[in-house]
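Listed next: structures, encoded as structure tokens.
Look for chain A in each of the two complexes below; its partner is chain B in the first and chain C in the second.
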Partner chain A sequence: MKKVIVKLIGGGKLQMVRISLLAITAGLIFGAIVLLLIGKNPLAAYGNLLQGSGLLPKHSYAGRQNMFTDFMSFLDALTPMIFASLAVSVAMKAGLFNIGVSGMMLAAGFSAAITVGYSDLPAVIAKPLAIIIGMLAGALIGALTGWLKYRFNINEVVSSIMLNYILMYVITFFINTYYVNAVSRQSNPINDEARLTLTNVQAFDLKFNIPLAFPLAIISAVLIWFIMNRTTIGFEIKAVGLSRNAARYVGIGISKNIVLSMTISGALAGLAGITYFCGFYASIQPGVVPGMGFNAIAVALLGSCDPIGCIFSSFLITIISKGAIYMSSQQGVEIEIADLVMAIILIFAACAEFLKMYSERLSTELDDAKKKEVRSS
Partner chain B sequence: MDNSGYMIEMRHITKRFPGLIANDDISLGIKKGEIFALLGENGAGKSTLMSVLFGMYEPDKGEIYIRGEKVKITSPRHATQLGIGMVHQHFCLVSNYTVAENIILGSEPKKRLLGIIPKVDIKKANADIAALSEKYGLKVDPTSVISDLNVSTQQRVEILKMLYRDAEILIFDEPTAVLTPQEIEYLLDIIRGLRDVGKTVIIITHKLEEIKLVADRCAVLNRGKLVDILDVASTSTSEMARLMVGHEVSFSSDKTEANPGETVLKVENLTVKGEMGHDAVKNVSFEIHSGEIFALAGVSGNGQNELADTIAGLRDCIAGKIILNGTDITNMPIRKRIEAGVAYIPEDRHNVGLVLNFPLRDNLALKRYYKADFSKHIVMDKKALSDNGNRLITEYDIRSSHGNSTITAAMSGGNQQKAIIARELDLKTPLIIFMQPTRGLDIGAISNIHKQIIAERDRGAAVLLISLELDEIMDCADTIGVIFDGQINRIAKASELTVNEVGRFMMGVTDGGESA
Partner chain C sequence: MIETIIIDGLAFTLPMFIMAIGGIFSEKSGITNLALEGMQGFGAFFGALAAVLLMQNMDAASQIPYYVSFAAAMIGGILFSFVHIALCIKFKANQVISGVVVNILAAALTSFLTKRLNESLFSQPSNKFVLGTSARFSVPVLFDIPVVGAIFTNIYPFEIMIIIIAVIMWYVMYRTPFGMHLRACGDNPHAADAAGINVNRVRTIAIMISGGLSAIAGMSFAYSISANFSPDIYLGYGYLSIAAFIFGNWSILPTLGACLIFGFARSGGQALIQQLGMPSAFNDLVRILPYVLTLFLLIFFSRHNNAPRALGEIYDKGKR
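This part shows the complex of A and B:
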């Protein structure tokens, strides 16, 4: 048994990948058990998840739709998730727990909507401007959280949770007062010129959506990876995250790096916000913070806080969340089954550090046992 | 078997650690109802031997007999079941629990509310402990909270913890190190009392007077080996001392005469506040010249840490000046100070000296990663980092399992220290501060570091060596300063001071002792 665990988790460079795969497998197995208990076929249900995400063909499609249209709308949902999980990862590298991604997303989406979204700027100006305003809004809130941390030593978890509430209520107030849509009870939909997703594009006899910011998400992930692993900025942020004392001792500015990493994190959360509220959606629902900001924490952990890992973990989690509706309609199971599978995967991912330690302990135990055998023989 | 007379018998106990033999074939027997002392210098293997007895380490070789029966002690829990209790040097108490709660922790008396719901019977515990403390004369209030108690009372709680578990064999690890003279007397009374009711007591110590006062017999350890077992009443303290040291200071370094040059570091009237808000360093002034080792002796906690941190820039001073090669660096930020020429080997190598989860190569470049030879603008050159790592690894003989990419946390303490020293000495600075550079290292590593310290001096660096080990001070110093209660009360050439004089100044005796 011990040997199996050590083999599964092991050590070395790919350890975190293996732990993530283990978490995913465990989540899928547990979900399968639940599905079996309620008398459903887990393989068919999981197949539905892939079908709903446009990764497997469905049996039938509505007019002017096929697998490709599903896949494009999957990418549309994936884009903000990648940004949000990157936001969490960057803060985590500096030893900070950014739980305020949701609030930053709201702030970014709202500021972009009211400045650009309702204006009559042409698309070539409106879209980049929306991105810039969203990033700035997120970055400002991130910087504020970082500043509160170093200036007054306010724990970033507390301040960012509080900021989530403050932002949510302030934005709700403004939406309900000035921007509310009488029919949908949400904010008025933003103009297509500012929207980062091109909707209902007609080509090849199909009607589909194009998430314009998706390439930007991939580029951002690569860029963040580069900054974290190949530049002095990343070196300093990581040193601060791993040991404040040691960083100070070698003359690395702690406060500078706390603010910097929270600012980068905030900018990424801002990108998540505009791709979510001014892309995937075109309006903001008042009185709610987007759950994506919290899921992103677990998604980042599943990707072991590595920017490239975040792409893969976002991909997986989005399959489950996006495909859930189709699964539910096909299998007649509750949509929450998908949430359950996701939750179990994320719980295991959150245990990564423990699993790592546990495996290390077992492997030293095994080594000791081996040495003893050698000695006695 | 002829071991029936012994309560504890340890036979041929050998325990190795990487790089040293902590216990080398030690055999000894301890009788029921005696006070048995283990005497030896730091690192002689006393604590290891007792940790073996208490089940914290498994010996590589050897057998243990308790009450004549052969046992294999696998854990402290198992040791407790065998009636063995231990008071560690650092107490193991939950500071916001009460005395009683701490004592019963792990073996709580239980009762059932309404016959169903299990509940800790704290009333019974309080009463039991009050009775116990009465019985053994250990004054302590079961309901007071640990954090409100002074060290000596906390120690009593530790003793009660053992007695509560019906321990018959009581091990004390350096019990007097943290106590005042009056408290020591009181503790020794308690220990005698415990013997008189039939408990077997083992004391680990390096203080001869205490052994003379309480112990019946005494085993002397030296560098992992058992030297002798003595009857305390018929042996003089000077004889014990001779056995304990074993021979003349062994790794006395063959250093040449110092050749001091210009003043490198000048500290003027420096005053620094400590963590508790008191003046930890008071109006301290001294100078270190190039090519000179200035060794600062003192008992732990007399302001050494604060002084070193302040010179390195990690702490602010409230008055005074620090001048390096003629430049006032008193208010210089840390990085600038490093570039101005201050290298610092800090005491806490895990939390300060290294980023433990970084690969070794990153730690070896921790003070230079942003320099042009490692980074073009902000982009770092991985190859340069590796090359630098490999160079220092060879030059300073740093051993690790995966070369320069080993995660530093996975390395042994000695090699971690080598890594810090390699990084700092490679800066080739005019001033190097060594704070407790050899703490916890084995003898080979220690003499190696001493050689490096002397080599740095010969290169022309000014060296500030701060150590709690008197041997180290006497071995390396050209000039000795003694710090007591935040003040340097003596500075003299090393050749003008004897060990005894330095020892006396360390205890705060400033006059009247010159003639001794």
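This part shows the complex of A and C:
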């Protein structure tokens, strides 16, 4: 048993990857048990997850659609998730817990929608402008949270949750008063010129969506990796995150780095909001805080807060959240199962440090036992 | 108008207060507790389930489901608090992350189970357990006093329950050896350990208390504001109560003051909207009042507060 655990978790570079995979496996096993209990076939259900994400072929498709259509729509959902998880990880590197990603996403999506989304600007100007406005809106709220943290010593978790609700209610008020669509009860859809997803593109006898910002998400991840690992800015942010006192002792400005990391985090959350509300969707549902901001915490933890790791963990989690829609329609199960699986994954990811220590302890125990055997023989 | 503000304000304040007391117990023992939100939701789910099951087999006027539901909610809250206990104490996870995880789990689990149970038990697709609001009563004679009498008018029975429990909890915290041990664990766990206190045991009990008390709050919200149990119960009241006890400097009486301010800000805003006859969309605008107030108050009070010294630190016996 001990050997199995040590083998599974192991040491070295890939340890965190192994722990993440272990967490995902545990979540999926738990989900399978739940599915079995309600009398469904877990393998078929998990197959549906992949089919819904365009990674496995479905049995039948509507006209002019195939696996590629589903896959492009999957990438469309993946884009905001990568941004959101990057936002959480950057803050986490500075020892801050950004639970306000949801509110920042709303603010970014809303401010871009009312300034650019309903205007007559041509696409060439509207799309970049929407991105910039969204980033600014997110960055401002991030900076505010950071400033409240260092200036007034307000716990960033509490302040960002307060901001989440304040933003949600204010935006709900404005949508319901000025921008509501009488049919959908959501905000009016934004113009196609400003939307970051090209919808229903026809080519090769197929119809599909093109998420324009997807390359930007990958570039951002690489850029964040570069900043964090190869520049002084990243070094200082990480130093503040690891030990505030040590950082202060060597003359690194704590307040500057807290605000800076929250601003970067906010800008990334803004990008997530833009690609979510003005890309994947074209309107905002009032009265709801987007769950993606919270799921992003799970994704970032799974990716052990590494930008490149975030791409992979976003990929895996988006399979679950995106495929769940198809799964629930095919199997007739509650869509909430996906959230449940995600929560279990999160629990295991939260225990990563413990699993690491536990595996180290076990491996030293095994080594000791081996040495004893050698000695006695 | 002042009467309605007082009546509605108290009905909101007291559940917040009991939840904040739970938070104080947990944090005074050294465990950061953001899980209040999840524990109140899960507790309310458990209690509402018990009430709905009982209501089927009893006549509508019976008060038994009401009281049973609160007991069931406490059991549910305590059971669910073991997730936080396991993560924080056994698996030494980061306590902030653990709290958020517990909240996400609670929301996912309760909304899944509510849908599932509604379908299998009552064969109706619904994501809520309908409870209705609880009966209210007024204290005779006293409610006749102008203005102040509002305190004794239209009281929910749970308000009385909460006041009694709050007094007991105050006594436990400040007048019993256990309370002293608990506070010692939050300030200097190593010294407490050296004095023969089992730090992990005290902290476990503290989190269980916070689970039970949060559940009372959740059940109260389910029986008053929302009149049902649905995933809409996760409205951030747990986080509001955290803000309340931070503002109350981790002691019980000042926290009551903070909760009163939140409660009256909320009911006052609503009364204002009604009085001025504004469109209902303005309700959303008024709902931000407690949250904005929290931020402002924290700006003024966060600098001078003294959190328990070992708050959020994982207790490691070998550490010096």
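We adopt the following convention: the second predicted complex is superposed on the first by the 363 of 377 C-alpha atoms of A that agree within 3 Å, B and C clash if a C-alpha of one lies under 4 Å from a C-alpha of the other, contacts with A are read in each partner's own complex, and residues count from 1 in each chain.
Just so it is clear, a contact is a pair of C-beta atoms (placed from the backbone, for glycine too) under 8 Å apart; a residue touches a chain by one contact, two chains touch by 3 or more.
Computed from a prediction, not measured in an experiment: that's the story for all the values here.
Student: Judging by the criteria at the top, classify the pair chain B and chain C on chain A as clash or fit.
Tutor: Aligned through their shared chain, the two binders clash on chain A.
Student: A:D367 contacts which: chain B (first), chain C (second), both, neither?
Tutor: In the superposition, A:D367 touches no partner, neither chain B nor chain C.
Student: Does the superposition put A:T231 against chain B (first), chain C (second), both, or neither?
Tutor: Only chain B is touched by A:T231; chain C is not.
Student: Between chain B and chain C, which one contacts more residues of chain A in the superposed model?
Tutor: C
Student: Touching A:I337 in the superposition: chain B (first), chain C (second), both, neither?
Tutor: Second partner only.
Student: Could you pull out which residues of chain A sit against chain B in one structure and against chain C in the other?
Tutor: Common to the two interfaces on chain A: nothing.
Student: Which residues, counting only chain C, touch chain A once they are in their complex?
Tutor: Touch list, chain C to chain A: 34, 83, 87, 91-94, 96-98, 100-101, 104-105, 107-109, 111-112, 115-116, 235-236, 239, 242-243, 246, 279, 281-282, 284-285, 287-288, 291-292, 294-295, 298-299, 302-303.
Student: Per the contact definition, I'd like the list of chain A residues that touch chain C in the complex.
Tutor: Its residues touching chain C are 38, 97, 99, 148, 152-155, 157-159, 161-166, 169-170, 172-173, 176-177, 287, 294, 297-298, 301, 334, 336-337, 339-340, 342-344, 346-347, 350-351, 353-354, 357.
Student: Once bound in the complex, which stretches of chain A touch chain B?
Tutor: Residues of chain A touching chain B: 230-233, 235, 238-239, 242-243, 245-252.
Student: Where on chain B does chain A make contact in their complex?
Tutor: 312-314, 333-338, 344, 346, 348, 351-358, 362, 366-367, 369-370, 375, 378-380, 382
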